[in-house]
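These notes concern the structure reproduced below.
Letters A, B, C, D, E and F name the chains as they come in the text, with residue numbers starting at 1 for each one.
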Amino acid sequence: MQKIEAIIRPSKLEDLKAALENIQIRGMTASEVKGRGLQNNQKQYYRGREVSVDLNPKIKVEIVCHDESVENIISTIINSCRTGKHGDGKIFVYPLERVIRISTREEGAAAL
Amino acid sequence: MKPKVKAVLLIINAMLLTLGLPLLACGAEGPGVDTGDTAFVIICSALVMLMTPGLALFYGGMVRRKNVLSIIMQSFTAMVLVSVQWVLIGYSLGFGADFNHLVGGLQYLGLNGVGGEPSLAYAPTIPHQVFVLFQMMFAIITVALISGAFAERMRYSIFVVFVLLWTTLVYDPLAHWVWGVDGWLRNLGALDFAGGTVVHISSGISGLIACLLLGPRKTDGAEPMVPHNLPMTMLGAALLWFGWFGFNAGSALGASGLAAHAFLVTNTSAAAGAIGWAAAEWLRQGKPTALGAASGVVAGLVAITPAAGFVTASSAIVMGLLAGPLCYFAVSSLKIRFNYDDSLDAFGIHGVGGIFGALATGVFATTAVNSAGVNGLLMGNPHLLWVQLLAVLATAGFASIMTVGILKMLTLVAPLRVSDEDEDIGLDLTQHGEDAYNYGEVSPA
Amino acid sequence: MKPKVKAVLLIINAMLLTLGLPLLACGAEGPGVDTGDTAFVIICSALVMLMTPGLALFYGGMVRRKNVLSIIMQSFTAMVLVSVQWVLIGYSLGFGADFNHLVGGLQYLGLNGVGGEPSLAYAPTIPHQVFVLFQMMFAIITVALISGAFAERMRYSIFVVFVLLWTTLVYDPLAHWVWGVDGWLRNLGALDFAGGTVVHISSGISGLIACLLLGPRKTDGAEPMVPHNLPMTMLGAALLWFGWFGFNAGSALGASGLAAHAFLVTNTSAAAGAIGWAAAEWLRQGKPTALGAASGVVAGLVAITPAAGFVTASSAIVMGLLAGPLCYFAVSSLKIRFNYDDSLDAFGIHGVGGIFGALATGVFATTAVNSAGVNGLLMGNPHLLWVQLLAVLATAGFASIMTVGILKMLTLVAPLRVSDEDEDIGLDLTQHGEDAYNYGEVSPA
Amino acid sequence: MKPKVKAVLLIINAMLLTLGLPLLACGAEGPGVDTGDTAFVIICSALVMLMTPGLALFYGGMVRRKNVLSIIMQSFTAMVLVSVQWVLIGYSLGFGADFNHLVGGLQYLGLNGVGGEPSLAYAPTIPHQVFVLFQMMFAIITVALISGAFAERMRYSIFVVFVLLWTTLVYDPLAHWVWGVDGWLRNLGALDFAGGTVVHISSGISGLIACLLLGPRKTDGAEPMVPHNLPMTMLGAALLWFGWFGFNAGSALGASGLAAHAFLVTNTSAAAGAIGWAAAEWLRQGKPTALGAASGVVAGLVAITPAAGFVTASSAIVMGLLAGPLCYFAVSSLKIRFNYDDSLDAFGIHGVGGIFGALATGVFATTAVNSAGVNGLLMGNPHLLWVQLLAVLATAGFASIMTVGILKMLTLVAPLRVSDEDEDIGLDLTQHGEDAYNYGEVSPA
Amino acid sequence: MQKIEAIIRPSKLEDLKAALENIQIRGMTASEVKGRGLQNNQKQYYRGREVSVDLNPKIKVEIVCHDESVENIISTIINSCRTGKHGDGKIFVYPLERVIRISTREEGAAAL
Amino acid sequence: MQKIEAIIRPSKLEDLKAALENIQIRGMTASEVKGRGLQNNQKQYYRGREVSVDLNPKIKVEIVCHDESVENIISTIINSCRTGKHGDGKIFVYPLERVIRISTREEGAAAL
């Protein structure tokens, strides 16, 4: 099993959820993060002081899945979250040792 | 004096003269001024002024967090621009000597001749300036109300111009029609105690037109459009309720039994409106919401506005109990049905509630409450209802046509809406370069 | 007219008649009406009205975020329901012609006969309706205060019924006892300038009873019970303070020196209350808190309420300085000691502070301030203190018994509390189907 | 009575006598009291009182979230301490019988002899206590304003002592200079309708001095210093605007045409100030901000304060339009240039705007508005401008010297600032042991 | 060393902290997340519009520990966070390469 | 590739960003977390009730990087975030399977 972690634009979350449901993926965990990279800074102004904001709001979506689904999920993420501009985000894939469902104590594939 | 300084002074002096503001004695009170009435209407003006920030919070809590400053800023902009416009020209267009029953003349330009003497025609026991102030606050909130209809998408620069045009070309004449001496709706005998047609119908209808012309907010890929801060909305509703006492009771223009009566029915209808709305929700959804109660309060307040000096407390209960569910129906069914994106229900509450209130005034008005009023349908006089209907239609028609005209004209100059990308990022950042909240430690740098 | 329309009109007409609201001339002012006094008491009514939203914020900031709308909604519910109840029956029960020194008669049902003429018995210089309004706002806030005691666990539907029963069966008679012409506590000579017993003791004691009957909030597995938004609480405290000027100064029922005096001692005691509370914290915890200062303000305000028209400014300093630490002790030690879950200290501040204030009035009152008052202990008249004590005991006893009765009766109908699971999820979602805040981008969909 | 109880009573009685508060008849109205004027000034006092919580929110929204309670608490502290100080000694120092044209005598200590009779010298148509109340609210907000300059770093215990010393040693004498009968600036003919010098220049300059003495906030490793909650700031600005009507119109001390005029020009200048500031931002940054509009409102209000009873509405437009950009320049360029850390621009807005307003009064004042006033430069009288300049210099000089003295003295006792580590953690936790917000489920335990 | 990541109900955090202290585990990092899976949606209402919320508030708890403690911690989590209903959450276990304590520069077991 | 996860004091974020830019590292994802460990609890007071807060605010910074940069980044973090007191935080290093940039679909080193 692997964990796919996608850092995406906040405005793409709804699209992503819909796209994933289309491929029967429902389970996920999302959280708010701020990111920097190649995307331009934002300019803000407070009483004439210009503040350059280099941490842009992003959403991190974590999906744990079977090895065979990884490819499909990745391309779904890319398809629904891509605008082609810097700031679209990244996908990171991590190895995972174990998965357990708390409510039933099931392990592994059954736990998803 | 240095010549440069002198030049500056001369320029300023010239500005003053151009503005045409006379240097008259404001401190001198005319005969007939009553300090109690004056105290009352001045304080009521302050209360009405507070309604617009109240509206800013009421609306502000309902938008998404990325647009909260933009909507608050629109209310502030209305306060700021109309305050100056009213002094320069607005008051004169509304309350200057009648011109063809349609608009006031220019005699009060720059408040020329408006001083401490009462205006016998409008408010004989308070300084004329107090009447000016009180009316100014009405002009401010009316245009601010409209902003709820096109929230979260209009360009700020367009809004600025819209405010100036709308208040001058729509509000000022309408105020004259209904309240100005010799205004045609007033002559006709239409009743509008505190501004049901002038304020609520005109803004509600204009909002509807504007949101139709601008089109709906982008929904694909957007976060769900749920209120970002409901306690803010509740506070806003409370301030509206509080300020509305000034709005309706102050419209008696004196600290009289009529003022007390207007206060009483205002409060009663607000309460009944909330009961009505919440009850409708409870029946249909199984749960009454806080937003529903607050919205019902506003619906009840809107409905009673034209009627506050003309109907009994029991009529106010009935009006509130009907206005609540009616507006609930408008925002939850009508809007879906006809598929317009009146973001914060400026039409659904102010338009619908205002029309209902104007007609209900025609039904429930009774001279037993106010001998200066007229009997309505229930007292056996169906005529008043027709007059009220006419006033509604005239107001709605005029407001629609003018709003279409203003916005179409503006479209020629520049797009009305922000770009899709800016809408996505939010108006706070793109229109004002600000972020409303920086709570977290991971804040901008 | 279509027969169907006619039928509707007839029904509405019948409703009006059933409500019994007469169609009398409210606009007409009686002789003796003073515009200054009228302006003052009308505006004071608006100020007192604002206290309930102030309370909503004061309480709202102290609950956990999942219950903030529910507590705000309870204050709104009090406003909404009591506004209508007061018009229909409440005022009459409180201030109608005396029945056995215990309750008012039904003559003012639906405000029958209440118009622009002053009520000579209650307020001879202002329209009767103004007195009705002013008193209405007191009835509203009293029942809203109780909600602090059982915050975060009561079912909303139970609360709705509780409000209606409590205000009718407890508040209205109590108001008659203390303020009604021929009410027995008034006849006895008990002093209560602005509602220490009627408002604060009654709500505080009822709150205590209610939280004992409902039992404490679930604590196992619960997030820590700390205030979710203290700036909201501070704003609420400020609005309470502001509105309290209307409450206490307005109780002079005219723009008089007495009103000014009441305003002055009110402000003084509020300040001294905060100093006392914060000083106690500083000594015991090493740090004075903002919540402590705000709570001390409220404690000082509660304490001075019965005394505002009867004691000097220096007495107000002493009363505030004592009330602050006393209430601090009540909420931090007494509550732990006796282990009741008075969530937001309705009893700890309003009950304890109210009892203290009523007794302190018996100590500090002096006819030098108000010749219509009575001298207290310090002026050599211990009798007043006994009368005050009797008033406290009678109020506390009556409020307790009635509250037990009401709640026990309600238990027969339905559970008073939400289920444990709903308490866990929070009352906003489970009772109202709303989420107070949706700040983040990861918001609901 | 038990001897112990008796002893306590004796002590309390002694406290009362020490406080020197007389037991005089406050309820009795003197001749000449006008209920309308009284109602007006009492309510205006309440409005001015609300400005300090308004300021608390205005400032509170601008600090970082870890310091929001600390800044709100500073405003509350000013309310609480000055309320008591004013009763005990402050009023007497300000308005007691003149001593050497510099300070009031001690005759009103503990408000001795201040009752329901009007003070003929200060306000002949309202009870003396009303004048005391109204002036008290000015003393409160003045010292609260200073806190903006050294926000986010001063120790709370130092602030407490600073408030007491500053209000007694700086505000009270200054109030006497400008408003006290026989005060030297008043004798000189300096015009200050509602407190431009006394309130705004004195607090602004003292703030500047204080932030220079304390030094800037730590910036290395600090999160970016951006406002944590701008809607809170907007609400604060709205409450300031609302309360300012009481401040300026109430300074007419009666419900007169002059009051109405002051209200009108106040509102006009506020609006023009916002237009000016936002326009300057739009030109320079490309975007007008909400914070800018709110700041411009305050700048316009500050500027018109000394002039409100002396200039025309058109002058108010000009003054606002100039004050906005001027203060914008002060906070965005001057501050950077001279590198002082006036955290929330107490000097940049109140100092700079106040000085501008005082001088502009010397330019625009006209007796046509108020026959009790004096003509200014534009009416051909350059003398007034010199007098105003002198008043500015005297105020600024006195405030600077005294503030330096007070703070230097305090430095001897204890450090003025919190430790670097505490500054890092935030003042809410380290000074008050509280966390302002606990929204999340991952909240403290 | 491994990282145990548990997604739990917010109302179980206090219980979990107490239970972990019982087995001498104090170090942890917690954050707010939103999750979807088999748990039912919530219904919300805004002006008559029904909004179905499919992201439920959860808390993510991360605990880095020695390999031998993993089993014990997992059963402690299950015991204190289990209600048996959908929405109780999951436990994910990840491999970890290194652990360093910033204050002392210690690495590995000593860093915990 | 590896992921470096640093839990640091909130007041050190600005310093860390600056220090990382010095070594040409710009990409990162930050989020707010709360942590407990050896650092002392904070005391808070609410109406006389003392509340001991055992979850301290921290910031989690995640940096995905090439294997050869790991050492350099770790020492940069330590240098800029260390005060020497408990609560400075930890650095965790995780193995990573894949990295993809959404905007360009690039994988691996090119995606950073």
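The definition used in the following text is that contacts are C-beta pairs under 8 Å (C-beta built on N, C-alpha and C of every residue); 3 or more make two chains touch, one makes a residue touch a chain.
Please read these numbers as outputs of a predicted model, since none were measured by experiment.
Sharing over half of its contact pairs with B-E by residue number, the repeated interface among C-F, A-B or D-F is C-F.
More contacting C-beta pairs link the chains of D-F than the other of the two pairs C-F and D-F.
Separation between the centroids of chain E and chain F, computed from CA atoms only, is 18 Å. Separating the CA-averaged centres of chain D and chain E is a span of 51 Å. Per-chain CA centroids place chain C at a distance of 45 Å from chain E. Along chain F, residues 10, 13-14, 17, 30-34, 44-46, 51, 54-55, 94-95 each make contact with two or more other chains. Within chain C, contacts with two or more other chains are made by residues 34-37, 39-40, 43, 223-224, 226-227, 229, 235, 285, 287, 289, 291, 433-435, 437, 439, 441-445.
The residues of chain A lying in touch with chain F in their complex are 2, 6-8, 31-38, 54-55, 58, 60, 74, 77-78, 81-95.
Taken in their complex, chain B has these residues touching chain D: 1, 9, 12-13, 15-16, 19-30, 33-40, 42-43, 45-46, 49-50, 53, 56-57, 60, 68-70, 72-73, 76-77, 79-81, 83-84, 87, 110-111, 115-117, 126-127, 129-130, 132-133, 136, 156, 229, 232, 235, 428, 431-439, 441, 443-445.
Of all residues in chain A, those touching chain E in their complex are 3, 17, 26-31, 64, 94-105, 111. Residues 10-15, 33-34, 42-46, 51-55 of chain E are the ones that touch chain C when the two sit in their complex. The touching residues of chain A, when paired with chain D in their complex, are 44-51.
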